[in-house]
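Chain nomenclature is as follows: A, B and C, assigned in order of appearance, with residue numbering initiated at 1 for each chain independently.
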Amino acid sequence: MRSRRSLLTIAGLGGLLLGGALIMSACGGSGASGSAGPAKKGGTYRVAETDFGFSDNFDPTGEYTAESWAMYRGLLVRTLLGYRLTAGVAGNTLVPDLATRVPTSPDGGKTWTFSLKTGVRFAPPVNRAITSHDIVTAFERIDTPAIAAQYGFYYAPIAGWDAYAQGKSSTISGITTPDDQTISFHLTTATPDFPYRLTLPATGPIPHEVAKCFPGAGTYGRDLVSSGPYMVAGSQSVKITSCAAITPMSGFDPASKLILVRNPNYAPSTDDPTIRRALPDNFSFTIDTNQTDIFNRINAGLLDDSPNTPPASIVASMATSATTKQRIRVVPNDRTRYLSMNLTTAPFDDIHVRKAVNLIMDKAGLQQAQGGPLFGAIATHIVPDTMFNNDSSITSYNPYATPNSAGNLAAAQAEMRLSKYDTAGDGKCDAAACKNVFAIAGNTNQGFNMVPVIENSLAKIGITLNFRELPPGSAYATINTASRNVPFTSITGWTKDYPDPSTFMVLFQSATIIPVGNVNYSLVGLTPAIASQIGVPYPKGATIPSIDAQFGICAQTLAPSTRQACWIGLDKNLMENIVPWVPYLSDNAVHVISGAVTAWDFDQASGGASYARVAVNPAKQSH
Amino acid sequence: MDQVATLGVTRPRARSPRASFWAKFTAQPATVIALVFLAVLILAAIAAPLIASLVGHGPNDLYRTQMLDGFGLPRGPNGSFWFGADSAGRDVFIRVIYGARVSLVVGVVATGIAVVIGVTLGLIAGYRGGIVDTLLSRFADVMLAMPLLLFAIGISTACSTTSAGCLRGTLTPGLNLVIVIIAVFTWPAMFRIVRATTLSLRETDFVEASRAIGQTEFSIMRSEVLPNLISPIVVYSALLVPQSILFEAYLTFLGLGIPDSTPSWGGMLDQASQLFSVAWWLMVFPGLFLLATVLAFNLIGDGLRDALDPKTPRRTTRKRAA
Amino acid sequence: MNHPMGRYLLKRLAWTILVILIVTFVTFVIFYVLPSGDPALRFAGKQPTPQILAQVRADLGLDHNVVVQYLLYLKRLVLGDTYGWPGLGYSYSSGAAIAPQLWQRALVTIQLILGGAILWLAIGIPVGVMSAVKARSRFDRISLVTGLVCMSTPVFWLGLLLLWLFWSTLGWLPGTGYVAFTTSPLNWAAHMVLPWITLALLFAAIYARVIRSNMIDTLGADYIRTARAKGLTERRVIGVHALRASLVPVITLLAIDIGTLIGGTVITETVFNLQGLGSWILQGALNQDLPVTLAVTIVVTVVVTLLSLIADIVYAYLDPRVRYK
């Protein structure tokens, strides 16, 4: 559920007339914008956003948003393994970063050993070589409940993980460091995708001498010590002689700005300069709460980029001219938007109703509400095709195909007739349970635009919804609380944490169902025991389907092609036999950049601009 | 915080005959125009479904293939969509007509509730005085000091998380809730007027006399005090109606009022705030109707004041949205 | 304190504190019942275990009941916290200390209000005086109707209309946003002029009305008749004596309006994207950022009460009817 906040600010745009020319090719590449000239070193790359939206005040241990990951990966935090920081499938491919190579596991995925490159140093004020112990520090922080790491569950297979968390052991026994340049992870279960988990920024090296001074959640971010090509401005002025002497770095004010400058200790020789080009001298990230204002300033050359999605009105006017059109960048973003149906609440506790909803839904209308085709292709199943490397067995898979994706009344009614809720046999949901069904929507413009589309579609099969449009934060808090048992939700979307389909499928595991912060909104895999634990009535006489067994098999599969086929099978099983969602959009990331940008790329793995691969021409910038 | 308006009403006034009132009331042509406008608006609001079926567009019917472009942006006015379409592809003209229902209902009902509360408490406070007066007055002051937005956001969010709403389903988001919020923040204004007037009436000879001949407090209030309050209450209520209408539009504009599926002028303007540079019609038409309606009520309020009681203050002590 | 003035001030001060206590407590309770009122969820991650949630709640001091939390808040407020005095804490959504932002944003709001006030006085006073002097004239009637139209114009609509006209269509003025005076005085004014107009129009209409009716009353008062009888010129009678008397209630009004606007310019700030107190309290409430909301609420309550107190005192000193007794 990364980038929740940026999910919410998506605005509309249409794109058939713009054609595929804007969509960056799947093999990535850097899109220079021509008129601004060749990409050169220097200048300040100026980014503004409506809200930093940090989930842990910029402490990498707890930071879980697309934008902060893009900033860390490109600029501040190097990890054992990384990505090419480019668009498309290439950007989802593992490459070594701090490690010398991507290892293979000698025992089917239980042991992973890495050698660190030499000559990599922390930025000021630490100024020393990075060792394997600094990686251990990062893991110990993830495993410390008080620091509240956000995705610590990915590392639970490490031996001794729980013992450390519970204070029973002073070290994590499954992580060993034979010397300063070597680190080994010993897992309790085979985890073939473990290398991907070592690309997540929480696992980047953290100097213990600074981090020990920040024992609580959300505090280390003010003094983040960089291992990448840039650092927070004012880093060199921080005194680390004692914890009491440490002051916040002057370049970061969580309420207004984050300024980055070059890290003098960064050695390009330890990195791949074809990946991290590191061309601008400085980066400035500032807050402007008005989205439209940001894009007006980008168009005026006062800013260069924004992680927020541009409003449709702005992109529409830019698309009319050839010179402005080339400043719009569109990349498929490994994200699925979906409508969620709750398997325990009427009328969605009947699979025929759920299938009928899939058949009647005007997905083209929902796409238009989100801004039209440029903002994403219509989704036909759960995991985006790119996560399966565009495998042909899934790209054309559409179990609920309808003409123009606008819904098929005859097919939906035929499906509805099979339902117990169609008492009259007229293809309409006519039981009392079909009326006034509670539903949650977001109160953003897109959220508002979607509601009548959904209401009109469902009315055709006799279902009337009682929609409540809530501010996104409240909407998520409502549906996240399992005991509220919300039957239908339209605000939901999901994106990968790393390029493995498991990061989507985890949503349907019964283990994912928790009382607060639940994201298995459909309650797939609910058992009577879990139901009573989270305060949800288990439907009488029904059996809620489970994917736990199939998930376990896929997750343990090592061979990439078998593994991928397994996940594709699970996706199809979910779509045809469980039907928890109406997937409707495979998101595109849409960026509008200024005329001063001379190089731009998308970080596919993070889902944001590839800051390591951008460049500006200061002469073209306005002030 | 003690900006209590003291009124000049100190002695009972012989009531004008109805004819004389009507003549004074309609003396200004502007008042007559306002009355006619409101009559037409009320008729249109009542007949909204009829108008919709004549035009052939329902308030929530979507015409996205016709009225939205490839960017999902709405198209402007044409022969069958007189006021153009909104960003979901709905007919703005029909929604403006339906929107009149919300504004009129909120204006009248919210003001009505506020007047009943304000008058009742104002009479009690003004007549009883002492500790009752102090407590009620301070309560009104606190209400005026409450962070209104927070209150509105808090209640509307808290009532939106279950299908039942709040208070066992009596308070669901939307019209009911907006009316309650407006009434809660409007009654103190009426309270202050009534209290101040009652205070001055209490000291007058005829009330003293009634007390002397042994009338009960309730009957004194009803027969002696209340009739003398009619004029200020009527005039003041008329001025509160347009304020309540604006209040609703303001709450809905900030996303805290009427849900989008119910057409309302404030909600349409909220949408317009994102799109005004490409879709002027979204801003112009609902705004003009809102302005005209508020102006009409204000003109009628002025007319009533001129006809009934030229001394009533023109200013309310309620918070203004700016 | 036996001095009546002193006692009065003390009473007002006590009342202000009581109002702040009540208002902040209600704010606390409202947040407590909200669905996402638990800020711990923000920090606890994707699939928080109950242990992590409990830990974060304890870190944030949320593991107490609402009354205890409230008392702890008051304690920090009075005694100060790690960010200094008064102890307003830090924002749950940005993690930044409240106090420095509060002053920065108050500055923006003050610029908006003062600029607006100058404008509405500059329009309202002359129009009101002219209307009174020429009561029932054509000018009077036109200005009354115009005033009524201004008073009936929804503020947010006016703002959007001005933006559409002067920014989108004509391109004469820059769009929304705030530019500091120190950055560029010209740019600052260009960004502020539309918000000033938006804010001022409604008040100009109200002030013109108030001044007109005051002036008509004053012109009929005995001392004005005396002044006229003494043979003073009409210009002097109106310009000095009548105007002065008519402006006294306006000063009171101004103080109260400015006080109310400190937290009440939400719409203007939202439409024009000015980062002042009004838009902050809206963001705070929407993001359920309790410390932000409380801080703005407290400041607004204090300013409103102070200014209404000042208004009362000024009124007592300036009112000729009070002085001539």
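Note that contacts are C-beta pairs under 8 Å (C-beta built on N, C-alpha and C of every residue); 3 or more make two chains touch, one makes a residue touch a chain.
All of these numbers come straight from a predicted model, not from anything done at the bench.
Q: Measuring centre to centre, with centres taken as mean CA positions, what chain is farthest from subunit C?
A: Of all the other chains, the one whose centre lies farthest from subunit C is A.
Q: As a test of whether you follow the contact definition, which chain pair has the most C-beta contact pairs?
A: Here the largest contact count links B-C.
Q: Using mean CA coordinates as chain centres, what's the subunit A-subunit C distance in Å?
A: Distance between chain centres: 41 Å.
Q: For subunit B and subunit C, let me know how many angstrom lie between their CA-based centres, rounded off.
A: 22
Q: Taking the mean of the CA coordinates per chain, how far is subunit A from subunit B in Å?
A: 46
Q: For subunit A, which residues are shared contacts with two or more other chains?
A: Residues 292, 471, 474, 478.
Q: What residues in subunit B touch two or more of the other chains?
A: Those would be 157, 161, 277.
Q: Residues of subunit C touching 2+ other chains?
A: 34-35, 286
Q: Show me the residue ranges of subunit B that touch subunit A in the complex, using the header's touch definition.
A: By the definition above, subunit B touches subunit A via 60-62, 64, 68-73, 87-90, 157, 160-163, 173, 255, 259-261, 271, 274-275, 277-279.
Q: Report the residues of subunit C in contact with subunit A in the complex, numbered from low to high.
A: Touch residues, subunit C against subunit A: 34-36, 38, 41-53, 55-56, 59, 91, 93-96, 100-101, 175-177, 273, 275, 279, 283, 286-288.
Q: Which stretch or stretches of subunit A touch subunit C in the complex?
A: Against subunit C, subunit A makes touches at 1, 51-52, 54-57, 62, 64, 145-146, 148-153, 216-218, 221, 253-256, 288-290, 292-293, 296-297, 471, 473-474, 476-478, 480-481, 512, 514-517, 519.
Q: Within their complex, state which residues of subunit C touch subunit B.
A: The touching residues are 15, 19, 22-23, 26-27, 30-31, 33-35, 145, 148-149, 151-157, 160-161, 163-164, 168, 199, 202-203, 206, 209-210, 213, 252, 256, 260-261, 263-268, 270-271, 281-282, 285-286, 293, 296-297, 300-301, 304-305, 308, 312.
Q: Under the definition above, what is the set of subunit A residues touching subunit B in their complex?
A: Interface residues on subunit A, with respect to subunit B: 11-17, 292, 311-313, 315-317, 319, 365, 368-374, 436, 438, 443, 445, 448-449, 451-453, 455-456, 466-471, 474, 478, 484.
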